[in-house]
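Next come two complexes, and both contain chain A; in the first it sits with chain B, in the second with chain C.
Up next, the complex of A and B:
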């Protein structure tokens, strides 16, 4: 802890050091609180299990539905995590302190985003493994599949972080967040589903790569816009 | 180091503050007195930059930090962890261990186990470590015992030497003992 803190201070306490430190601090808070990670894990498992029960037991039907089900689960999961990222500050009323740190507020945006990615990546891998088990998916292309989930998850979380910050102080934010979010992230989910379906159907990687490029473009656009607009919307 | 020019603030249809103008020089301490709902906290938050005025202008020199009442802390962190993270986020260096010792606080106890008075002491230790130019304090005396109150007076002396202080209080004796000027806020 001391080494972590001093390293960031040694770098002037700015930029990448602060982003990492905020993400690791939030991860520490989340692990100690336990409620967030456990609810995300159980939500993921229950949702995939119910969908498998509802769509099964025919293997072909399960495989065809799997990409859509997986992405719906990840979309809800990413939404839940973005709410958690700011709930950590709202519950303890510490958001103002964070916003009074010197310099721009972009680092808060990237720190909160990184925190979500640190949870979303392993949870995506878990969702992929569980889906393979429940939906009879071949895992021969596990790495490209994970890359698809990671690229899509990053873009999704980029928008979700922005909106979660914007709504952090409002009552009813849990209702408003999905309403605002889903209209903007439809392209990410669509591209993600198409890439996942392509990989599961054995489409050549060269063809799937066009969906990855599209996801990458969305990631760059959403993260840039999020970082630029976040400081503006966080001002009182 | 702080100037408010005809600052007004409205929440919805309700005006909380109307045309407040004041200035605070280096080494000055200003106390805000007034009944509940008179806008003391809103005024402090405007001074800190946490709120934007509906009308008027706030001009600040240097770095300001705001101490809310009750002071906000992450309950799952220890005092030591909190201070180290704060120092890192603010890009500062300081003797956090000495600060905790001065304020009589344990290093490794989760803040969920801290009393209100201990949290207030930790908030003062935090401000001392981060050493802003302008201290903005909302009812800093609340929940402090006699020893804590003496620590507060000492901290305010230090803050005055480093920059300036504005604090809101219901304690008229404290305001008169510490402040160079008192601003009375009535109902808006």
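Up next, the complex of A and C:
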């Protein structure tokens, strides 16, 4: 692991290379391990199944509840993934090695974020398909739905990565992370749910676009704030 | 706001803020109760003299927390962290006051204590963010890391303040729009009511300043004890 990191310093220069390297390394570890991805998958499946069971079996009620359930499930998924993004580093005591690499620390934030997005996007697509199955959703507008998922996922992961890094070395982080994350990402939940519900109900795209705008604004705000604050709180 | 000659005692300015605030509180109450009733809401509108200053001071307190959190992140001086902590705590109290008075007003006006409309929701979330701020502080033992983590939450959490303030405009919610609009500088209010409101706002500000100074002092004493 360390050899790869050092190679990146020589090659990456300003850090885009490093970001990819870190993300791909984490992804490779995750895929080799399998336990993480599988547990995330089964967590999503069980959660959606339980929610469908609890809210069903009436079709209309299920369909109305689906966007909310989907975004809550994704919020939990984001906490799960972001904890995993830092868990191995802390376990192997490699977090300090990463942070001590010369030339800024923002790239660690973006690397971890990219890693999460690489996992979060396919997983949320899976969640969407599964909820379409369990909650009787029409998937006519698949592309706009995926766009909503990507924008919302980026907002979730942007905040989650920052907090997970901050809490990585603390006890009790499993409780604190959702608490801090959920209260901050409420705008994303709101916009995500409205956009998804609008798409499923067949609202014209122009109306949904205003929610996308809101999501985009929050993504930019969260990512900027996260990237600026991350190096400060990870020092020492 | 930071320095004190005898750190173990509140200084004269703190006493002045607190004393003046407590003395003027009954005057503010008198003004509020003698202000003319509202055309539409009647006497019910008087809860505004508590509700609006509470909410404003809550916003102001969180802004001060944001400012001092930023200062702490750049300067790493524990005094900044203590002011941020004090302001967040007092802000929670004022925000809680605004929430409770708002609920008391909502029951006779809207028929329910609580409804999930944007202003109420964003304010409740704001409240939750700063409750999280204190839970985080409680979870970290190392003072330096605690201050740093709290400062990060103090900065990030502040994003919700402008959202909460602007929510009545952005979403055209059930909650009425601002009577004194800080973004355009327009005032939609009878002069007599405005006078009472501004006076109460002034009294609340005095109390806020006094409380924050006192709380920061208590935090300094706590830190001393922690070191010893």
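The definition used in the following text is that the second predicted complex is superposed on the first by the 222 of 236 C-alpha atoms of A that agree within 3 Å, B and C clash if a C-alpha of one lies under 4 Å from a C-alpha of the other, contacts with A are read in each partner's own complex, and residues count from 1 in each chain.
As a convention for this text, a contact is a pair of C-beta atoms (placed from the backbone, for glycine too) under 8 Å apart; a residue touches a chain by one contact, two chains touch by 3 or more.
Since the structure is predicted, the reported quantities are computational estimates derived from the model, not experimental observations.
Shared-chain residue A:47: touches no atom of chain B or chain C. More residues of chain A lie in touch with B than with the remaining chain of the pair chain B and chain C. Contact with chain C, but none with chain B, is seen for A:184 once the two complexes are overlaid on the shared chain.
In the superposition on chain A, contact of A:88 is made with chain B only, not with chain C.
In the superposed model, A:171 lies in contact with chain C only, and not with chain B.
By the touch criterion stated above, A:21 is placed in contact with chain B alone, chain C being left untouched. In the overlay built on the shared chain, the residue A:97 is in contact with chain B alone; chain C does not reach it. Legend: residue contacts after superposition of the two complexes on their common chain; A:118 is shown touching neither chain B nor chain C.
After overlaying the two complexes on the shared chain, residue contacts for A:229 are found with chain C alone; chain B is out of touch.
Across the two superposed structures, the residue set of chain A contacted by chain B and also by chain C is 235-236. Interface residues of chain B, counted against chain A in their complex, comprise 45, 48-52, 63-66, 68, 72-77, 80-81, 84-93.
Residue ranges on chain A touching chain C, taken from their complex, read 159, 162, 166-167, 170-172, 176, 179-180, 183-184, 186-187, 221, 225-226, 229, 232-233, 235-236.
The touching residues of chain A, counted against chain B in their complex, run 1-2, 4-6, 8-9, 12-14, 17-18, 21-22, 25, 28-29, 32-33, 88, 92-94, 96-103, 235-236.
Only residues 73, 121-122, 125, 128-129, 132, 135-136, 139-140, 144-145, 148-149, 151-153, 155-157, 159-160, 163 of chain C touch chain A when the two sit together in their complex.
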